[in-house]
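Each of the two complexes below includes subunit A, the first together with subunit B, the second together with subunit C.
Right after this comes the complex of A and B.
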């Protein structure tokens, strides 16, 4: 196959001179016609800037310092801006990570696809509409004739991404750049979108430059893989060779950071002990928990119905145990966590903690009891007050619970807590924005530990983090569990994290738990059809040869 | 941003200094010199004399004191009460919030200055009553702003985390809500100062504020209107003063907004 796109010594920098940030620092790669080329790397490594450099759509602060991008032998960097407009959308199309914001909310799906058809194909009127419906059918939107006139908010996230793909296909491009197109989507939707891309590629023969951080996705779709790290490509290889034996140290590091059952078993074998804290009596018993939100309509805010966010959940957690709640977005996982913590008062049902019914107590008694259950949130950026120093953030719980006699005593404890989560005591006089995502998550864990909880609700604590950082946080949580006998309610959508950390797992769908049991039972012999569907959608690293 | 002294900053600085020093200056705002009635500016009296032959310059300075006193008292009380009401309404929600919003809506639907005039009339004229009347009208804006801001901040995860730690409402309000909603409130306060200077002048103009013989810019303008064609300096001096102070506060408020309105991540 002949070369379609050739990138040579591309350097894209932010700023000038000594202090320039070298986002892309001299990369070379070639994409052949009709192949899928995966650019793999963690956040901030320069993947997206590479894509934007190819399209010449860089933000004003970024400058292409050197190099060339040749499409069919023609250097794109030498084209005048008006000629570039024909390339964008016509020769190279692009889809983005966040389908929620990539579509114009005030134009219908049909208008947005039609725009591209008019620009690049000169189609108007009837012909344009026919072709749009054809495209919507091609990307698998049911009832295309009706939905063509609907607005983006009437489509789900996965449907929006399909429309984005339809827009990209409208110009019949030779190359499709897909910048993390499935990262914002649930696994089952992700699997559908990946299948769709593969099918469309076979039909149209276009090449795909696929940008991702996910090894599982890579293994499913790639022909060639390039691993990017700190603005450089450290390894380029065919998929089979890459997954059989990654050459570069960083690539191997990515593999070893992946959580999995094998890794957990290995660690268990190494330490030789499992869960000395695990007891038989339940620490927390959630009984038929319901959280319903009223839907109010009309002038007098009459209640016309309820959103059943959590609809009858029953689950038990023992001391020292990790129970994972798995489910897709909107299944009610987070609401359930907050319902247990009494941050949202449940509509019905019971939360029995350590022999005390939490839904019945209020005021001062509830405030005292709160020290027993803590929470760690998904987004380490919004879960800390930007105006407070780390010392004050960690101290807050101690003040609320009356731990420590004076400031000096509390500060000593802050030092100890920071060391416990792998930070240094001198970090305490800094502000949250001075820390990386992983470090912030450590601070959040220290804040929770400050009040000596028995149970921590972890609400997707690693979803916003890179794989290598994720593995560090998971290890920290495991170590703390072993040392302090903590129980975790671990809310996640990531199956491999569940395999690594959980003892017991409950699968949640539409506010209900559809299946629960030991990890091995549920994940390897799933009984409920939804669990089966969820598990089969998870992209896994396949051994060479099979696809 | 430039830290150079700008025109509005100088105007406000002079206003504040003059107002604060008014008590200590050798002024004679109430000394009547009959032969100088309505005389235009001259060497010893650079703003001229009023209809009773009093020094307009001295009366202007006393007026500055009145306007500053009223403006800061009113804004301070309004800010305090309004912020508290707003935060509590947003925090507790439910029927408490509904009642607050209802009251705020009623206050806003009724023209503020008209209500203040009615109240000042009811309470009787005088500077204390003017402050009370303007505060009763003034807290509404702050309450509405504080409520809206609190609603957006309330659902942030660090607030949830603080609640989960068992932190009480007062500590959450002072450490998690106030620091994050203070910027718009401070900006609103600067504009409220400008508004109050005008409101005080209006009340005094109608005779409901400061009582003679004490001086206020509003009452000076009222006295001046009767002699506008004979002695325009009587209206011009306090008029320009009000204009300059209000303009400067608004300009500074705008600048403050540009500086402080950086969205924190």
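Right after this comes the complex of A and C.
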């Protein structure tokens, strides 16, 4: 196969001189016609900036310092801007991570596909509309004739990504750059989009530059893999060679950071410890919990129906146990967590915690009881007040619950808590923005621990984090459980995290738990069709064999 | 869309009913005897009684309210105590002048603000941006009661191009419209710039550029319609206040509009006219708000079709 794209010594920096941030720092790679080339790396390693450099669509602060990008032998950096516009969308198309925000909300799907057809193929009127419908059919949008005139907000996330792909296909590009195109999607939708890309690649013969942080996805689609770290490509290899024996230390680190059952078993064998806190009596009993939201319509906001966000969930958590709730977005996982915490009052059902029925207590008593159950949120960036110092953030809960006699005593406890989560006591006089994502999540955990909880609801605590940081947070949670005998209700969509951390798992779908049991039972002998579908959609690393 | 329209209209009607009731009650909220306030303490008893019955103040409150609402619905706003003329015909004389001035002001504002805001946004940090924002800051900080006389001194007295005041043909419209328009343009250009800058950072703008569209298409087709939404809210509120009569500008230029009428009737203690003016001002706000909501729906399918 002949070379389609050749990147040579590409350097893209933010700023000038000594202090320049070398986002992309001298990378070389080649993509052959019709192949899938995966650029793998964690956030901030320069993957997206590489893609935007190829497209010459960098943010104003970034400058290409040196190097060349040749498409079919022609250097794109030497083209005038108007000629580059023919390349964008015509020769190289791009799809982005967030289908929710990558479509213009005020134009219809048809208009947005149509403008690319007009721009690169000169199609107008009837011919443009016919081709648009063809493209919508090709990317698997049902009832294309009708939906062509719908607006982005009328499509689901997966459908929006299909429309983005249709826009990309409209110019019949030779190369498609896909920048984390499935990261924001559920696994079952991810599997569909990946299948679609593969099918379209076979039909059109286009090459794909696929940017991802996910080893599982890489394993499923790549012909070649390039691992990027701190602006440099540390390893390029064919898929089989890469997965059989990663060469670079960083690549091996990525593999070892992946949570899995094997890792858990290995760690257990190494430490030789059993869960000493695990007790037989339940700490939390959720009985037929229902959270229904009324749907109101019309002038007088009459209730015309209910959204059954959580619809009859029964589950038990014991002291020292980690119970995982798995499900896709919108399945009711988070609402259930909030219902248990009484942050939303349940419509029906019981939440018995430590011998007390939470749904029946109010006011001061409920407030006191709250210290026993804490929550750690998904996004460590937005779950802390940016104007408060870490000391105050961690202390706040103690103040509310009357823990510690005076400020001095509480500050001592803050120091201890920060050390417990792997930070330093002097960090307490800093503000949240001075920390990385992983450190922030540690602070959130310290904040939860401050009031001596018995149960922590972890709502996707690692999904905004890179795998290597994720593994640190998961290890921290396990260690704290061992030391303090905490119970976790672990809400996640990530099956490998469940394998690694949970003892017991419940699969949620459409507000109901469709299957629950010990991790090994549910994940390795799933009985419910939805669990089977979910598990089969999870991208797994295959170490050998053709993709 | 029909549902949205329907709901907006119903709520507008409810607001109008509420506002007219409050306006009706105004005369009763005035401390002391309204008749005494209007006629002065030295008035004869017979005159007072006559005015009291002319205003219907001798009847029970509910009956007064029903009568008032009936009259308002039939555009009968009573007679002026000062000029003894029908208030509706006084208003009919004044409204066109205010409308003309408001429209001229808005047009000047849009013509200046739109290109200036767009240019400042797409050439962010350039001299263009600097000049545009300096103009904007000046425009926002210079009050109309200073800008008006300044324009009069330069263009009427100094150059003799336009009449000093009054409403005598197109020439006399220019200075008051400029006074209003530049102030509004200053505010709007800043809004357009800010809003467009925000939108230009959106993912869909990058996606549109990645499709190979020209910068012009990206800005006009993808940027502006989205950036327009917050601008329209501000424009609507400003239009509301212009329709209510730009009191200061109308007074400076002796422009015979509703603003000037309001000031005159307050000075003359002409309560029925004051009442009518307040009602008109409220109605124009309601109308402009309704118009803003409908424009929103027209521009944003998420509003039009429900999210």
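Going forward, the second predicted complex is superposed on the first by the 546 of 547 C-alpha atoms of A that agree within 3 Å, B and C clash if a C-alpha of one lies under 4 Å from a C-alpha of the other, contacts with A are read in each partner's own complex, and residues count from 1 in each chain.
Here is the rule we go by: a residue touches a chain if its C-beta (ideal position, glycine included) is under 8 Å from a C-beta of that chain, and two chains touch if they have at least 3 such contacts.
The structure presented is a predicted model; accordingly, all values stated were derived computationally and were not measured.
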item: Partner chain in contact with A:98 - subunit B first, subunit C second, else both or neither; value: second
item: First, second, both or neither for A:47, with subunit B first and subunit C second; value: neither
item: Which superposed partner A:444 touches (first subunit B, second subunit C, both, neither); value: first
item: Which superposed partner A:120 touches (first subunit B, second subunit C, both, neither); value: second
item: Which superposed partner A:167 touches (first subunit B, second subunit C, both, neither); value: second
item: Touching partner for A:375 - first (subunit B), second (subunit C), both, neither; value: first
item: Overlap of the subunit B and subunit C footprints on subunit A, listed as residue numbers; value: none
item: Of subunit A, residues touching subunit B in the complex; value: 338, 341, 343, 366-371, 373-375, 377, 379, 381-388, 392, 396-397, 399-401, 433, 444, 447-448, 450-451
item: Subunit B - residues contacting subunit A, complex; value: 156-158, 160-168, 171, 175-176, 179-180, 264-265
item: Subunit A residues touching subunit C - in the complex, by the definition given at the top; value: 55, 57, 85-90, 93-94, 96, 98, 101-108, 115-116, 119-120, 151, 153-154, 164, 167, 171, 299
item: Residues on subunit C engaged by subunit A in the complex (per definition of touch); value: 6-7, 10, 202-204, 206-214, 217, 221-222, 225-226, 299-302, 305, 307
